[in-house]
Every structure is written in C-alpha cells, then in structure tokens.
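In the two complexes that follow, subunit A is the common piece, with subunit B as its partner first and subunit C second.
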Partner chain A sequence: MAKMVSLTIDGRPVSVSEGTLIVNAAKTIGIDVPVFCYHPKMEPVGMCRQCLVEVGRPAIDRATGQPVIENGQPKINFGPKLETACTTPVSEGMVVLSQSDKARASQKEILEFLLTSHPLDCPVCDKGGECPLQNLTMEHASPQSRFLFDEKHHAEKRVPLGDKIWLDRERCIQCARCIRFQEQVAGEPVLAFYQRGRSTDIITSSEPPFDSIFSGNTTDICPVGALTTADFRFGARPWEMKAAASICSLCPVGCNVTFNTRREAKSRARTGTTTAGGKVVIKRAMPRQNEQVNEIWICDRGRFEWHYVEREDRLEKPLVKKNGKLEKVSWKVAIEEIGNKVKGNKEEVVVLASGRLSNEDLFNLKQLADGLGGEALLYDSLPGGELTTKYGVSAGTNIGDMGAGTTILVAASDLYHEAPIWHLRVKQAAERGATLIIVNSEATRLDKYAKHLVRCEKGEAAKKVRELGAAVKDAKNLVIFFGADGSSALAEACAELVKSRAGKPNNGLVGVWPRANDQGALELGFKPAQDLQAVFEKASVVYIVGADPIGDGAIKTQNVKRKPFIIVQELFLTETAKLADVLLPAQAFTERDGSYTSGERRVQRFYPAVPALGETKADYAITALIAAELGIEVEGRSAGLVMDKLAAAVPAFADITYGKLAETTEQWPIIGRADLYYGGTSYQNSQGLGVPLGRENKKAEEGSL
Partner chain B sequence: MTKFEPVLTRNTRYPDSEKIATYLAHGGYETARSAVKMQPDAIIEMVKRSGLRGRGGAGFPAGVKWGFMPTDAPQKIVAVNTDEGEPGTFKDREIVERDPHSVIEGVIIAAYAVGANRAYVYIRGEFFLGVKRWIKAIADAYEQGCLGKNIFGSGFDLDMSVHRGAGAYICGEETAMIESLEGKRGSPRLKPPYPAQIGLFGLPTLVHNIETLACIPHIVGRGPEWFAGIGTAESKGPKIFSVSGHVNQPGNYELPLGISLREIIYEYAGGMRGGRALKAVIPGGASTPMLTASQVDVPMAFETLKAAGSELGTGAIVVMDETTCMVEAACRLSKFFAHESCGRCTPCRVGSVRLYEILERIRRGKGQKDDIEFILEIARGIDGNTFCPMGAALVNPARSAIQHFRDEFEYHIANQRCPVSGKPN
Partner chain C sequence: MLAEKYPNEVKKILAKYPPERKQSAVMPLLHLAQLEAGFVDRHAVVEIAGICGITETDVAEIIGFYTLYHDAPEGKLRLQVCTDISCALRGADEFLAKVCERLGIQPGGTTPDGLVTVEAVMCLAACDKAPMFQVQGPDGIAYHENMTVDKTMEFIETARKEVK
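Then we have the complex of A and B:
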C-alpha cells in the first residue's frame, strides 16, 4: 500500500497515494485542471503549459526539521513561478491554487497563444462540439483576439498521414499526444515531430505511412481537430448523433464500443455503402471505457470494419427454394416449410453455428438441437478450444493488473492481427515486468517484447509448449493465449501447464478465437465441429447459422451424394446461403440486443444502435419461431428473457441478468463527455462493464442443458 | 589598464598552439598526470573551494554540480558542451580551435574526480575548424596516452569522442544536448531528474561548458586559493569576454571577473568606433537584458550584473553606439529566438513568433497604439511559463529595450519612422 499524502486543492482537502500528480489528485475530487498534452494513459511531458497552477509547500524550519507555524497555521511558501500540475507530484501539506488570479491569467495567456495560430474553422471541423480547445476557450479565454488577422499562421489543411488518418496542420497544437500514443501505448513509434518552433509538424516515418492498427485512437485523444479519420471526416457533427453502447464483434477481445448514429436527410442519397436517405445509420464507432477489457482504446478494425452491416446486399425477406430458385416468401410460409420438412427427420438434425452469434442465439439453438435430439456444432473454432471452459481465466482476471511475477505465454497466435487490443495490453504487461514467452512459427509484432522467443515449425507448437513446462512452473501467475496450430494437441499442452491454477484470478487459458463469441458457444455446450463433410453427408437436416462452410471450402458439395435439407440464417447471400432450401434473414448485431462472452470469459451486453432492416429478425427469435413450429418451447420474446433462461440452465452463467450486465462502477482514469481534454473522446461507460463467468468451471462442465 | 596574466588563453600566443607538442612543451597534461593519483574527493573539494561557477551562461557552482554525481553508480559520463550558439559569444570557438588540449586536460581531471570513464564532446555543427581540431586533439591525446586505457599508468580509463550538432541553439541547453547526443530531436527534458541523476543514455552525467573545464587544470595545478584570489566575492577566476559591435577592436579578452564594463570597452576593445557615443550594451550574450551607457561602470561579475538588472551569461559583450535603432536591435534578437525555439512548449513556440511579429511591425512603421503594452504582456505570458529557461531568455531583448528606450518605441509608433535614421526601417 502506497503512502498517502494529504494536500488541499482550491481549498478542498484531498488524500492521495504518494507520487500522484497534482492534475490527477484534482480529478479525484472533481476539479478539472485544464490540460492539452497531458493524458492519464501516458507519461507526463509538461509541453503545452495549459495546466500551470500555483503551488505552495509548507515552510520547514531548518534547525528542527518541523513545519513553521504562523498564527496557528503552517506557513506556506509559494514559488515565484507557476508549476505544471501534470508533472508535479503531490507532497504532504501542499497547497494548490488552480483558480488564483495568477493561475487563471496564465491559463488565459496559453489559450491566447494557441488560438493565435489556430484556424478557428470550428463550423466545419469534425471536432467542433467535442473539442477540448473549443471548450476550454469558451471557459477560460478572452472572447476577443488581439492579434492581427493578416498575421495568422497558415499551413496545409489536408495531409493524409496514411489511408485512415488525415492531418490538418493548421489545427495542430503540437501537444504530441499522437506521437506519444504511438510510442508509449501502441509501441509503434511511426509518428514524429518534424521541423521546429512555429514550423513544427507531425509527420509519419513509416512505410506504408502511419503503419499501425491502433491509429484511430490518435483521433480520440487529439485535443483539437487536427487528426480525423478518413472514414468519418466531414461525416456528421457530434451533437447531431445519438450514442448506442455496443460490443465489437470482430474478435474475441470484446472491446466496448459506442456507435454514433444519425438519421440522414431524405435528400442524402448515399452514405458509404448504403442508400441512406431518411434512414438512421451508423456514422462512426468509438471506444467505450472498460479498464478490464479495452481501457479506452479500440483497434482500427473495430473502428472501421463495421460497415458490412450496412451493405446493400443484406437479406431482407425470408426465401424458400422453389424449382431450384430462391423465392421471397413471408415468415409464416418459410417457418411452415421448415416445420413440414423437419418433423419427419428429427433424429438427424445438425445445428451448425458460428461464434458471431450472441449467447442468447446460441442458447436457443442449443435448446432446439437438444429438443430435436440433434447435435449443436460450433463452426471453425480452435482445435481443443473446449478446454477453456474448464481452464479458462477466472473472474478477477485483468491483463491491466499483470506485471512482474506474471508469466504470459502466447502460443501459435499473432495477437497483433488476431486480437489487437490483447497485443497492446500484453505488450504493456511485459513492459511492467511480466515475463512474456512467445512460441510461434512466424515472426509477430509482439516478438520484441518477449523474454523468451521460441521459433518452431508449423504444428510443433504443442511440443515446444510442453518443453517449457519447468520454465513456467514457478510463475506466480500464468496466462496462456493460444491459437490454431493444426490439432488439439496445442490446447492440451497449454491446459496441462495451467491445470493446477484453475480458479485463480490472472491464471488460465485464453483462446484467440476467430470470432467474437466462440467462448460463449463452448460454454453453452456447443461441440467444435470436426469433419464437416461427413456430418453434412450424414445429416438429413442442417441448420446453418452465421457460417459459410461452403464458401470457406469446409464442405465440398460436388461430392455430396445425398443433400440434406438446408436451413440457412444469414445476413448475406453467401455460397452456403445459395444452397439453402430455406434462407432466413437475420439482424446484424447493431440492430438488436444480446450479449457476447469474450475470450477472457466476460459476458458483455450490446444494445441496438439502428432500426432493423426490412423483415429481418434477431437470431434467437428466429430459432424460437422454428422451435415453436416444431412443438419445442424456446424463449424468443426478448434477449433479456432468453438470458434469464440461460442463467437458470447454465451454472457458469448463474446469476447473470441483463440488469447485472448493465452495472458500472467508477473507473480510473475518470473520463467522460463533461471533460474531454483529460481523457479524449472515448465514451464513458454507463451501460455496463459486463460480468465474468463464474469460477465454478467444473459445475459448468457437469451441468446439462 | 589592469595588468592580467592570461590563464585560459595563455597558450594562444604560441604558434601552433592547438598542437599537442606545443601544449606538452608548456607544461601540458602535467596537472592531469598528478591529479589521477590524487583522491577524487580531494579534487572535488578543491573545485568547491575555488568558487568556480559554470561559464555556459547559468553560472551554477561547478563543485556543487560535481558533488551531485552519485558515488555508487557503476557507469558515469562527462558531457562536454561546445555548442556555442549564443549570439555575440565566440570564446568557446577560440578555445577549441586554439587550445583544445587544455579542455581535454580538464575533462580528464573532472572525469577522474566524479568517476566517469566516458566523455562525449558535443560541438556546434557550424564549427568546421573546431570539429577538426577536436578530433585531431583527441586522437593525439590517445596517442600520447593521455586518453584511453590506464591513463598515465594510473589505472584510470577514459574514452572520449566528438559528436556534431545539427544546428539548433537549444542544444546548448544541457538536457537538449543530451537528447541530441542520444540521436534524438533536440528539445529539453523534464527536470528533475537532473543529468547528474539520469543523463546521457540514462547514466549520471556531468555536463560542462568547455571554458569551465579549461579552468580545472589551473585550479588543481595552482590551487583553489590562487583561483579564488581572482575576481569578486561571488565570481571567481578568469573569464574570456567576447566583445563585439561598435568598438574599434572587437575580440576575445581574457580578464578577471569583476573588471568593469567600461574598462573592457574603452581600455581593451579600443573604445567606441569613430568616437561615437555609447548607447547600449548587452553584457552576457543575446539572452541577457541590455544595459544603458549610464550603467557602463558595472563590474562584470555574476552578482553585480544581477543587481544592475542583467546577467553575466556567457560574458559576450555586444556594444551598440548612438546610431543603433533599439527597435531594430530588439527585433533582430527576437527573430533569432523565434527561429531557434524548439517548439516543444506553447509560450515559446507561439509567443516568440508573436513577439517578433509585433516588433517587426513597429520597426516597419506599422505599429499599433497599444503595441508596447502588448509586447510586455506577451513577455509576461512567456517568462516563467515555459518548459526551459529559453522562455525567460527570449523576452529579455524586447523587454529591456522597452525598459530603457521606451521613447524610441513610442516615436516609431507615433511617427511611423525611426528617430535614429529618420526613416522607416
């Protein structure tokens, strides 16, 4: 426990741990010291000088070493100069004045300096409305400029730093947050200052330019509109947009995001890939704070690759194959068609679902499969992945807490590309002193942080992991991230190393799954599909949800002797969907609610952001319709009600409710919309931090559905 | 005229003074030879007793700085600052071009005293001859066994090499110089930690200007009491004054600290050019406030110049006669600082340019009514609010010019022309 230090800031007492910076001490009692260059996730630099405050320290009698008392109060000595609140640590008895005349004068002066070279193109700036410089100017600065318009500084306004990020040199205030983010947080120092003095510019030094999967975060922490994304640039004004909490669906990290949406004008024919006129559409994805999952960051995939949900070729109506052609029908007709075909074939029903589905969807599918005496298979997960339900990480695990004493093994996985935020957090854990071991057949961007780097041939990772046994045995904590390496041997070898640690926080297995909710599927009792070709040929009814085994080449139809009755539930007309006898249009995750279980076994809720497309339905609801037609009782009225059933049936999910999933607690750093200059435009989390699955993994295994 | 036997420049009277043979022939490296057999603490104590203060501008007591170096660190560094960029200053160039071995000898003693086995020289990139002289001197010193392994058979090792700067004034600031030596962008570091704790490559580093280092062999060789016997109460030892501007004999003059400005200008530098009247003097390089003709009797010492409202700085004396337009002088000096701001912090990056722009418009006869107050306000916004001392420095020319010659600024604004030349500049 760090020593506590007591001080007063603007007359209010506060007690914080030793070493805390004044700016952070102030934040804990709700005093916002204005900053531009300081960011709570990065080392302080004291460059912008916006946070200058008056700092007084108790006078100490040299002879006695005791504080000098005057009129019954400790005598406070104020230095001749103001000090930067972002670089000065607190000390016992310190008196900080952030609102004194002297401090306010300097805050005003710094703002005036910044504004003399700022273009003030707020009316067309993407940042306008959520801009720290704009807000601080309104709060602190003089309303009138004393500088001559002709002497304004002009610079290039359209500089692409890479494909994804644009720089407006005129707006830049040289706070170096972007440079430092790339250096300190992302570990990819691809931005730098060029030139000096008033000509100081941001440049990229990498080839290809701005080569980082985390580049979008620089636009969140940029305190002005200097960095904008190519995707959102001039897309909407911040105040026009609504915010919907969601979970990124592209990888198993489960980053908390917020989708900003806007109803497009009728006249606005196209936005991105869709016909937008009059519709509510997603304008951008922003990170939402969850310090245990993604902190305040998201990767560029999460930020930019949600556009598929708005593609023109989304399925909008149920289709039934008649004379070899898919024809649009009503839901009633489609479900009846399924009922007629399936009723006679119950015993050979196979449900094949992918991890892109929510817990609720998968639970209903499992219910249906069980009700029909069929099989519920998980499409394309990691071999041996089911071991994570037994030895996965437990409640209380947080990569952000890991450091010295923890060993992190990454086996046969390229976290940078497969789960970027895990890459970022594992890298930071290694920098805090965690021992990182990497076993891989190929070089990855994480290699340079590894203490031990083990190169192996493809398929040999399991052997190498077994050989590590003794080396990791004594680690206080051991977390293993594993990917695919041919067979289940790797998962087994990894499980062997963590077996004895089951149930201990910050210990266990993490599967680097190909999809967001593979973990959930396995927790719910789905079996990883093996030899799909044989399954396909044997079954009489195949219900494929959210998977494209034919398009992926996992099933080759030309050799199939007897084609089963195929039901496909999808967003698009995939190769598999083309073969469907009944094709059911599902809602995208942005159009409905639900929950995912992350690779770290955290159940997190997502909320509808935009209205559902056409006649599409949520996957769990479609399954419930089919079940009802077949005389099986499955909840389909709302996702929350499905979760209630799920929690009652699956011990690992016991006690999880939608209410619990929506609970939040205060997180550090305190960020939010009220004070954009401190943390950036990442959203505050008021919609739920999620709930980790129970520790009682064994129960989960024994419990039947 | 004060009679003064040169100390730091004593060798420059010999031909080929930069050569090691010349240096050795006049007793060179003898002090270092005996110093490396002394107790390191005893040397630090001598430097403390000598009262030597840094000659790079800040005037920090050298012995105290040595005392800050940790004794338990396994690796330490001495960084030698030859990044002489202060306008008006040309003393370091003369030392390195004409007597580099006196500095190397100082470096050996300093490195031995603080326990450093590595010395880096940082030299201003434009000192083409200086770079050559440094490299040659170091190579010769190695050859003579003055550098390298087991110096003078004492068991003490010291390696030394030269790094050229790329043309930034700010790299004369010690932490910016360290950044630059590390191959990074030259901008100052956050202090604390100070270089003596975490300096070059993260190691404890003693940074000194070369004139300071050149004093060391004399302090150790002739004794601290001898050194402290020169100068004033708080400013000890000899000092090289670079005199430039409107004098008959500009140049470097080595004289004891405490000598009056009048004596330097009129006795040594040959008096005012063309017999014109003295108008203003910058006593310590461009970053120190100007003095007027009435202050010319001030002794050139740290404490007396401070009392007179200026600073000793690098001891670079820029003399201006009655034909000088003070607006133009302030404007030019401010332009230099605006050009040299590293851009790290807001007040210096933006403030320096704004300051220059307003001075420039006054100079061109386009001054606005409130511009003088505006300049002073900008100066207040910069001074004390910047990341490094350059902020305090860059406002000095404008602020002191206004302080002493406000009527000239007012005349410029009111009449749109210069009272000295009679026309807009």
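Then we have the complex of A and C:
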C-alpha cells in the first residue's frame, strides 16, 4: 500500500497516495481543474498551462525540521508563481487553491491566448456541444478578447490524415494529446509536430498516412474539433443524438461501446449506407469505459465497421421457397412450413450456428437441438477452442493489472489485426514489466515488445509451445492467447501449460476467436463443426443461423449428394440463404438486446439502439417460435427471461442475471461527466461492466490434472 | 540514395555515435541529404528514418522544427531574416517588408526566377547587428549583419550573376 498524503484543495481535505498529481487528487473529490494537454491515461507534459493553480506548502523550521506554527495553524508558504496541477505531485500539508483570484485570472488568460488562434466556428464544428475548449470558454473565459480580430491565425481546414481522420489546422491548440496517444498508448508514433510557435501543425509521414488501427481514439481525446472522423464529420450535432450502450460484435475482445443515434428528417434521403428519411439511424460508435476490457479505447474496426447492420439489402420478411423461388410469406406460414418438414425428421436435425449470435440465441438453439435429439454445431471456430471452457482465464483476470511477474504467451495469433485492443493492452502489460513471449510463423506488430520471439513454420506452433514448457513453468502468472494454427494440437499444448493454474486470476487460456461470441457458444455446449460436407450429407434438416458456409467456401454444394431441408436465419441474402427452403429475417444486434461472452470469459449486455427493421425478429425469439411449433418449450418472450433459464441450466452462468450484468462500480479515471476535458468523449459506463463466468464445474478446477 | 551517393560520409557520420544511439545521426544525415538540392526529398526522409531506426514522421518533424532544414525546393538563395524581438526593435520587420517589396514577393515566397526565397525566422543570436539574415550554402552558413535594403539587393545581384 502506497503511503497516503493529506492536503486540502479549495478548502476541502483529501487524502491520496503519494505521487498523485494535484489534478487527479482534485478529481477524486469532484473538483475539476481545467486541462487541455493533460490526460489521465498519458504522461503529463504541462504544455498548455490551462491547469495553473496556487500551491502553498507548510513552512518547515530549519532547526527542528518541524512545521512552523502560527496562531495555532501551520504556516503555509505560497510560491510567487502558479504551478501546473497536472505535473505537480501532492505533498503533505499542501494547500491548493484552484479558484483563487490569481488562479482564475490565469485560467482566463490562457483561454484568451488560445482563442487568438482558434476559429470560432463552433456552429459548424463536429465537436461543438461536447468540446472542452467551448465548455471552458463558457465557464472561465472573458466574452471580450483584447486581441485584434484581423490578426487571427488562419490555416488549412481540410487536411486528410489518412482516409479515416481529418485535421482542421486552424482549430488545433497544439496540446499534443494525439501525438502522445500514438506514442505512449498505441505505440505507433506516426503523428508529430511540424514547425513551431504559431505555425505548429500536426503531420503524419507514415505510409499509408496515419497508419494505426487506433486512430479514431485521437478524435475522442482531441479537446477541440481539430481531429474528426471521415465517417461522422458533419453527421450530427452531439445534443441531437441519443446514446445506447452496446458491445462491439466484431472480435472476441468485447469492447464496450455506445451507439449514438438520431431520427433523420423525413426530407433527408440518405445517410451513410442507408436510406434515412424519418428513420432512427446510428450516427457513430463511441467507446464506453470498461477498465477491465477496453479502458476508454476502441479500435477503428469497432468505430467504423458497424455500418453493415444498416445496409439496404437487409432481409425484412420471411421467405419460403416455392417452385425454386424464394417468396415472401407471413411468419405463420414460414413457421408452419418448418413444422411440417421437421416433424418427420426430428433426429436428423442439425443446428449450425455462428459465434455472431448472442448467448440467449445460442442457448435457445441448443435447447431446440436437444429437444429434437439433434446436434448443435458451432460454425468455424478455433481448433481446440473448447479447451478454454475448462482452462480459460478465471474471474478477476484483468490485462490492465498485469506487469512484472506475469508471463503472457501469444501463440499463432496476430492480435493487432485479430483483436486490436488485446494488442494494445498486452503491449502495455509488457511495458509494465510482464514477460511477453510470441510464437508465430509471421511477423506481427507486437513483436517489438516481446522478450522472447519464437519463429516457426506454419503448423509448428504447438511444438514450439511445448518446448517452452519449462521456461514458463515458474512464472507467477501465465496467460496464453492462442490463435488458429491448423489443428487442435496448439490449444492442447497451451492448455497443458496452464492446467495447474486453473481458477487463479490472471492465469489461463484466451482463445483469439474469429467472432464475438464463439466463447459463449462453446460454454453453452456447442460442438465445433468438423466436416460440414458430411453434416450436409447426413442431416435431413439443417438450421443455419448467422453463418454462410457456402459463401465462405466451407461447403461445395455440387459435392453434396443428398440435399437436406435448409432453414436459414440471416440478416442478408447470403449465398447460403439463396439455397434456403425457408429464410427467416433476423434482427441485427443493434436492434435488440442480448449478451456476448468475450474471449476473456466476461458476459456483457448490449441494448437496442435502433428500432427493428421490417418484420425481423430476434434470433432467440425465432427459435422459440420454431420450438413451439414442434411442441418444445423454449423461452422467447425476452432476452432477460432467456438468460434466467440459461443461468439455471448452465453452471458456468449460475447467478448471472440481466440485473447483475447492468451493475457498475466507480472506475478510474473518472470520465465522461460534465468535464469532458479530462478524459475525452468516451462514454461513462452506467449500463454495466459485465460479469466474468464461473468455473464450468468445481471438479475441473480441483480435479486430477 | 544517400548510401549510394555518399557511402563514406554516411559511415563517418554513423561512426560518431554509439550504435544504440544511432538516431542521433539524424541531424548530420539531414545536412548531407540537403547538400545538393538544398532540400530533403521524400526518398531521403524514408532512407534516413531507416538508417536511424526511427519513424518517417520523426524525421519529418525534425525537418519541420529546424529552420535550416527544408522539405520543398525553394529559391537557390534562402535569405532567412531574424524578426525576433531584439531585431524587431532595430527595424527587422520593416527591413523584411522592404526587401520583399523590392523583390515583388511575400515573406516566405520565392522570386519568379527561382533564385531567392525570403523568410522570417526565430532568433539567430546576432541581436546587436540587426537587421541581419543568414544564408545557408554548401560551405556552411553565412551571416549578413547590419544590413540595409540596398546592401541586400546588391548581395542578391552579385549572387544572381554568380549563379548565371
């Protein structure tokens, strides 16, 4: 436990650990010292001077080494000059005045200086409404400037920094947050200052420009509208949008996000990829704080690649094949058609589901398959991935806590491209002193942080991991991220190394899955599909949900001799959907609620952001309809009720309820409140931090491993 | 390019710094790259980044920060006039404006014949001899102190003849 230091800030006592900066100490008692360049996730630089405060320290008697007492109070010496709250650590007995006349005058002057070279184009600026400079100006600055309007700084307003981010040079206040984010957090120093003084500009010289998958985060922490995303630029005003909590569905990290939505004007024909007129559409995805998962960051995939849910070719009505053609029918007709076909072939039903589905969808599908005596298969997961249900990382695991004493092994996975936020967090763990070992056939961007780099041929990773055995055995903590390397041998070799550590926080396996909820599917008892061709040959009914094995080339239809009755549940008319006998339109994850289980075995809830499209239904509800038609009882009324059933049936999910998933605790740094200048525009998490899964069963934990 | 044209010079420069601090070689390498054309082109930026083990953005930042490095081909003769406060008190602002007026360009601009660029720069540590400017050539930097507009035009004319 660090030594505690007591001080007063604006007359209020506060006790914080030694080394805490004044700005953070103030934050803990709700005092917002204004800042621009300081950011709680980065090293302080003290270059914007906005946080100047008066600092007094107790006078010490040189002879005795004791504080000087005057009139029964310690005598406080104030320095002749103000000090930057963002670089000055607290000390015992310190007295900080952030609202004194002197401090307020300086805060006002800094703003006046900044505004001499900042255009007041707030009415057309994306940041307007959630802009630290705008807010601080309203709060602290003078309505009059003493500078000449004609001498205002002018610069280029449309500078593309790569294809995702735009720079408005005029708006930049040179706080260097973006530069420092790329340097310190992302580890990709592709931004820099060019020129100096008033001419200072942000530049990128990488090829391609602004070459970083984390680039979007710079727009969140930019305290002005200098950096904006090409995707959202001029898209909406912040106050027009509603916020819906969600979970990114693109990789197994499970980043907490917030979708901002807006009802578009009837006259507005198009927005992004969708026809908008009168519809509620998603305008942007923002990170939502979860310090155990994604902190306050998301990658550019998560920020920009959700657009597919709004594509125009979404299925809106059930379709049934008549005379070789898919025809629109009512739900009743479609479900009856399924009932008629399946009733005679119950045992030969195969459910083929993908890890895109929520826990609730997958649970219902499993219930249906079990009720019919059929099989529930998971489409295209990681070879040997089911071992994570036994030896996956335990509750209490947080990459953010890992440092010296922890060994992290990344085998056959390129985290940068497959699970970018894990790349970021593993990189930071390595910088904090964790031993990073990488076994891979190809170079990855994580390599430069590795203590040991093992190159191997494709398919040889398992062998190399086994050879590592002794080297990692003595690590205090051991976490292994593994990807696909041909066979389940790699997963087995990794499992062997962590077997004896089951149940310990910060120990265990993490599967780098292709999809958001592969982990959940396996936890719920889905079996990885081995030979799809054979499955199609054998089954009389195949119920494919959220997967496109034909489009992916996993099945060659011309080779399938016996054609089963095919039910497809999808968002789009995929190649597989074209072959369906019954095609059921599902809701996108943005239109409904549900939960995913992340690769770190954390169950997290997502909420509806936009109204459902056409006649689409949630996957779990469609499955329940089919089950009802076949006389099997499956919950379909709401996702929360499905979770209750799931928790009662699957031990690992025991005790999980929608209420628990929505619980939050205070997180550090405190972000997203009135003072956006401190942490940026990442959303505060008020809708749930999720719950880690328990052990599958106690025996696996204690058993004879 | 550098490595091909000036292999010995590059080797000599690198030898001055310990291998783990080779990024320090970026400054002399930039001077070397600038020697012929008077500016550092994109290829040289990439090459220097490679030699020093730093990013291209880092190299570009250094070029941007220092007034003696250039990343675009401007005039053959770059008059860099100090306009910081002490020089300004001795009339550097007015001097700069007049020189530019005589040449028919804006500060930072280049004459149509591509010979002269005039730009304002930060302190050159010759406050007592302002107005002054510096000119960088292959042999180093020359200071021209206690200047008048006429003397400056004379200097430019002499240089113009030499170039032709």
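What to note about this one:
Assume the second predicted complex is superposed on the first by the 693 of 705 C-alpha atoms of A that agree within 3 Å, B and C clash if a C-alpha of one lies under 4 Å from a C-alpha of the other, contacts with A are read in each partner's own complex, and residues count from 1 in each chain.
The definition used in the following text is that a contact is a pair of C-beta atoms (placed from the backbone, for glycine too) under 8 Å apart; a residue touches a chain by one contact, two chains touch by 3 or more.
Keep in mind it's a predicted model, so treat the numbers as computed, not measured.
Steric overlap between subunit B and subunit C is present once the structures are superposed on subunit A. After superposition on the shared chain, subunit A has more residues touched by B, the comparison being subunit B against subunit C. In the superposed model, A:193 makes contact with both subunit B and subunit C. Once chain A of one complex is fitted onto chain A of the other, the partner contacts of A:49 are limited to subunit B, with no touch recorded for subunit C. Look at A:202: by the touch rule set out above, it reaches neither subunit B nor subunit C.
Legend: residue contacts after superposition of the two complexes on their common chain; A:472 is shown touching neither subunit B nor subunit C.
Of the two partner chains placed by superposition, only subunit B is touched by A:112; subunit C is not. Common to the subunit B and subunit C interfaces on subunit A are residues 192-193, 195-197. Here subunit C touches subunit A in the complex through residues 45-46, 55-61, 63-65, 122, going by the rule given at the top. Of all the residues in subunit B, the ones that touch subunit A in their complex are 168, 185, 190, 338-347, 349-354, 357, 361, 374, 380-381, 384-387. For subunit A in complex with subunit C, the touching residues are 189-197, 201, 203-207.
Within the complex formed with subunit B, the subunit A residues making contact are 44-50, 52, 80-82, 87, 106, 109-110, 112-114, 116-117, 146-148, 151, 153, 173-174, 192-193, 195-200.
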